[in-house]
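Have a look at this one before I ask anything.
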Amino acid sequence: MNASSVSAPRVAILMGSDSDLAVMSEASAQLESFGISSEMEVLSAHRSPARLHDFVKAAPGRGIRLFIVGAGGAAHLAGVVASLTTLPVVAVPLAATSLNGLDALLATVQMPAGVPVATMALDKAGARNAAIFAAQVLALGDPQIAEKLEAHKLQLARSVEEKSARLKEKLAASKK
Amino acid sequence: MNASSVSAPRVAILMGSDSDLAVMSEASAQLESFGISSEMEVLSAHRSPARLHDFVKAAPGRGIRLFIVGAGGAAHLAGVVASLTTLPVVAVPLAATSLNGLDALLATVQMPAGVPVATMALDKAGARNAAIFAAQVLALGDPQIAEKLEAHKLQLARSVEEKSARLKEKLAASKK
Amino acid sequence: MNASSVSAPRVAILMGSDSDLAVMSEASAQLESFGISSEMEVLSAHRSPARLHDFVKAAPGRGIRLFIVGAGGAAHLAGVVASLTTLPVVAVPLAATSLNGLDALLATVQMPAGVPVATMALDKAGARNAAIFAAQVLALGDPQIAEKLEAHKLQLARSVEEKSARLKEKLAASKK
Amino acid sequence: MNASSVSAPRVAILMGSDSDLAVMSEASAQLESFGISSEMEVLSAHRSPARLHDFVKAAPGRGIRLFIVGAGGAAHLAGVVASLTTLPVVAVPLAATSLNGLDALLATVQMPAGVPVATMALDKAGARNAAIFAAQVLALGDPQIAEKLEAHKLQLARSVEEKSARLKEKLAASKK
Amino acid sequence: MNASSVSAPRVAILMGSDSDLAVMSEASAQLESFGISSEMEVLSAHRSPARLHDFVKAAPGRGIRLFIVGAGGAAHLAGVVASLTTLPVVAVPLAATSLNGLDALLATVQMPAGVPVATMALDKAGARNAAIFAAQVLALGDPQIAEKLEAHKLQLARSVEEKSARLKEKLAASKK
Amino acid sequence: MNASSVSAPRVAILMGSDSDLAVMSEASAQLESFGISSEMEVLSAHRSPARLHDFVKAAPGRGIRLFIVGAGGAAHLAGVVASLTTLPVVAVPLAATSLNGLDALLATVQMPAGVPVATMALDKAGARNAAIFAAQVLALGDPQIAEKLEAHKLQLARSVEEKSARLKEKLAASKK
Amino acid sequence: MNASSVSAPRVAILMGSDSDLAVMSEASAQLESFGISSEMEVLSAHRSPARLHDFVKAAPGRGIRLFIVGAGGAAHLAGVVASLTTLPVVAVPLAATSLNGLDALLATVQMPAGVPVATMALDKAGARNAAIFAAQVLALGDPQIAEKLEAHKLQLARSVEEKSARLKEKLAASKK
Amino acid sequence: MNASSVSAPRVAILMGSDSDLAVMSEASAQLESFGISSEMEVLSAHRSPARLHDFVKAAPGRGIRLFIVGAGGAAHLAGVVASLTTLPVVAVPLAATSLNGLDALLATVQMPAGVPVATMALDKAGARNAAIFAAQVLALGDPQIAEKLEAHKLQLARSVEEKSARLKEKLAASKK
């Protein structure tokens, strides 16, 4: 696990439709902030299983070390990816039906023994966290990413202080 | 849709483990009562995707017209079968985790547009109904099955009368 | 929705109110794309049981081979249709109350042993899939529909490629 | 609403199977305590719709004033009874599947505007309350039942005092 | 809502806030259509228990025969009314919090043995049905209401025919 | 449970039935460990509202400073107590029906603005925590209780160390 | 517990982001109406645990007697505060994700034995009630707050009368 | 569980009580099968936050690369660990209360953006998968583990064949 290539993506971000881009681009942006290059692709467990199969099988050869997968409804995409690889699969359940994502969450997280899928929170928070988690995984073999994660953790703490400052401004404004 | 062979199974009953046999044999027994021969097989979307792929692709050639699939947890088996065939897929969600089958139900029924899975009730009632539904489908091309379904419907009504009689016996006994 | 085919409808699409037309016309349009003619009717298990009874009993004589039924809330319509026929009944639960369709889903799918209802996903995805499933059933006795289903399956896979292309366009545009 | 006949039942208690007798006999026993005679019958909305139709249509002529209906799973029995009568229908959802009665509750209570079903709690508490509610309805026209309900209400309050006394005995015993 | 009837109200419609009027006036309008006069009042189990107590205790003396109660959240209003009277209490759970009415439904329907509350569907459908159910109860002692209920049942069936006609018009229009 | 302290009880522990004693005695035992004397009583919001009213109104005069209330199903007891007092009310929802306590939880926690009920976890963990929380409240005015709470917090930490030690024993034993 | 200082806050209101201010300011405004001064702060169990630790540990020394904590999603903030103090912790679960607050509710209320968190209703009603509950706790040692709570309870009852009056105005207006 | 490997543990398996050992030892056994040594410890976010803090902070120095955390109820343990480290945290929600693990699942998976927790299935399946996932992560930098994972994947596929063989034996036996 030795980081290097300037451009070859190490993380593949998969989704069932280009309409999921708004959510899943949270993941690619977050990865980019850690200097981790990623690729995004539309794939479907149900509509194009052969194309999915070929993509997942070819991914390690292209340098992919980890998959991030977003899916809604009876969300099978992450599980099917996991059935085809021994690389880590991180999933983002999407609230895409009237059941508000409970369907995607249960269909993603309740994988049977033998084929793990690492499930994150629903929607944008989950997409962001999938990227941070991917960075944590890659950081085990890449001190540069580890450093960036430490900086990110400090920045998280700072963001709370900034929110605290904004709160105090609002409160002061409301008392005038 | 022209019934014929004495023995070649027309329905494939799939499950993720031989431990599901107690539930899924409700389906095979019910099919047998309609004179429909079936075969049972253990297959897994997650643990042996290649074997599943080969089985589903070869099934029509062996005379299979319809799949009945039982699965629990993040139940993907029926959906993956449906992604590989244009034959009808009927699913039986199984209550196999502490979530009492809600996970299997949502993971089965909330399939995306394009790849239908016909979902039955949870557990034994669902396994029985999957078989009756399969018979209803096959009956469209097989008058003998259609006749047996009519007889089954009469028998259902008679079973209510039998239960009514038993109720009255119990009530009479309790008054003595 | 440019209906045409001279042939008598083979599928009856039932709903509880004309306000369900927007959802259920997904089913009729999809059937039409397979060359399967259908009819639509408003019927109610609770408000006009006699009319429903007569419709279902007369349907086979008019050539109906399969019912597609949309209903919300304590969705009984599909179950009552199934109690009156041995033809296959395919149901589309509708999210019509503040409970987001969980009521319709459970009231539809949890049918007792003996009277199956093949339940699809909630709302439009379910309506579309009900039609595809109906086509899969009819295709068992109609090679022309079977061919169209194969074409549809290829088209599904192509649609993923189109979405993939759109994704790449969006990504390229966002980098400019 | 003029009480009279010593024996003609005024309440019909319906259930889908004689196996529901243990729960539903809570209702008949409670009615009997108010001097209200009832009859019990096994009927099924799905398995014997014609028999159900005939029973409900004939009931008023035999003196039935109110229905109490127990059903589990996709519990349609009460709703179908209500579609056939203008007499009050009181329902007891039964926890009969792995979903613990949530299915029966939603399938019973979420009736569409026009056809009410008065839903009680799940299982035995609901069966008992269905009978008390039936008595409250009949009491509007029968002062004897009204008196018995007042006595029952006093007895309820007394039962709390008895439980309080038992609690104190247990506490005293535990301190020895 | 053109109130008129000189007669004293027989049904009291209670709600926790005047903001519930839009939903609960469905009940009063429906009662009026049956010639049943009703009164509406804002009462609270939690905020003004003494006023609620006095209202419920005085109601029978003023001719009230039945309560219809709408409440949301931890909906206790109907249960508290039922604890104070032996008159029938019919409840309408309201979807008033982010939990979409599941809280109100469970807090209303799961009453303990001894104190029944007849629960209707959530929101407007439930308010309408509460009124129809009240009419069914009162009709047991009032042949005029019974006749109106029969007419209402016919009108329900006719409304389905009207919806069917509208459906056909829409379909015809879409084919032009 | 070796009660002793001469002082008048400061906490009233209420429950709907003596059958809840096994759960609610967790609260009294925990209070006793803090030297806080309590009393237990069976009361019912639905079955004996007048007795409940009198008890709650008299409680402050007897020295009660806080109520702990256990209830299941449509759990109204805590809410009704809160409607009658300005003393703090702490509630323990009980899993007493087939819905596993979800009903009691929602019926307890979703109180309307104006009448708070402090809700603890379901069942025994909740009963224990209700007592600890009561002690935290009383400790604001009683340094002796505050000291005991500090000791309890240290004991909690020690209990984790004890569990850790037991874990290591078990692991060592399994390696022999 | 002896009220005094004109300005030193006795209640700390914590939240995970300044975007929660709209909800949580319901609590500060309600406290202010009882003459209880409070402070608001943004803190995070997950993003700045050290800052949270320091804040909670220092709070008693600054006169804080009670925490009110609002959090959504996997709401851990209140539990982590409770792990660090023996002061009472009151929590307001926030509906901040697509799961409508069910996640925040369960993550808040189901605390293990030993570390209580007093959970209020979701969102604004809960924020208001957290403040009233805090006042009830502080009133045990402060007769002035106790008086204000009595006045608040009378005002609650009056507000019901005002709503009743508004209802009658609306009804009168609709009859013109 | 015959531990051996001399090497320092790379995975720390944390749980809230030694009573969770039966579930969590599924993880350690699975890790051992991959030649990955692990350590197990009882820690509590709520009962001994300081001890948890020290453990997590010291873990990297001892060679820990990844945490596996099991917790039930308002399961905060994994989230608190994640707040203290940039190492990957994998969580196993445990069904430990009457809510069947839905509480633990939501309290674990719905983490806010910034602090990811990789959530596995409930209970034993989740514990097993947490270990396999940990191995997948470590395999990115350790070809020996990667090889063992490939072997495990083959073994998974073989286990399906074994189950299939057992199914056929059972079927053959039942036909004799």
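Letters A, B, C, D, E, F, G and H mark the chains in the order given here, with residues in each chain numbered from 1 onward.
One rule holds in what follows: contacts are C-beta pairs under 8 Å (C-beta built on N, C-alpha and C of every residue); 3 or more make two chains touch, one makes a residue touch a chain.
The structure displayed is predicted, hence computed values, not measured ones.
Engineer: Kindly list the shared contact partners of chain A and chain E, in label order.
Structural biologist: C, G
Engineer: When the C-alpha atoms of chain D and chain G are each averaged to a single point, how far apart are the two points in Å?
Structural biologist: Inter-chain centre distance comes to 42 Å.
Engineer: List the centre-to-centre spacing of chain D and chain E in whole Å, with centres computed as mean CA coordinates.
Structural biologist: It comes to 20 Å between the two C-alpha centres.
Engineer: For chain A, which residues are shared contacts with two or more other chains?
Structural biologist: Residues 44, 47, 73-74, 97, 99-100, 102, 109-112, 114-115, 117, 121-122, 125, 156, 159 of chain A touch two or more partner chains.
Engineer: Give the pairs of chains that touch; include all such pairs.
Structural biologist: According to the stated criterion, the contacting chain pairs are A-B, A-C, A-G, A-H, B-C, B-D, B-H, C-D, C-E, D-E, D-F, E-F, E-G, F-G, F-H, G-H.
Engineer: Going by the contact rule at the top, pick out the chain H residues touching chain F in the complex.
Structural biologist: Residues of chain H touching chain F: 1-3, 15, 17-18, 21, 40-44, 47-48, 50-51, 73-74, 97-100.
Engineer: In the complex of these two chains, what residues of chain D are touching chain E?
Structural biologist: Touching chain E from chain D are residues 1, 65-66, 86-88, 90, 105, 109-122, 124-125, 128-130, 132-133, 136-141, 146, 149-150, 152-153, 156, 159.
Engineer: Going by the contact rule set out above, which residues of chain B touch chain D in the complex?
Structural biologist: 95, 100-102, 121-123, 125, 156-157, 159-161, 163-164, 166-167, 170-171
Engineer: In the complex formed with chain G, which residues of chain H make contact?
Structural biologist: For this pair, the touching residues of chain H are 16, 44-47, 49, 73-76, 79-80, 82-84, 97, 99, 102-103, 106-112, 114-115, 117.
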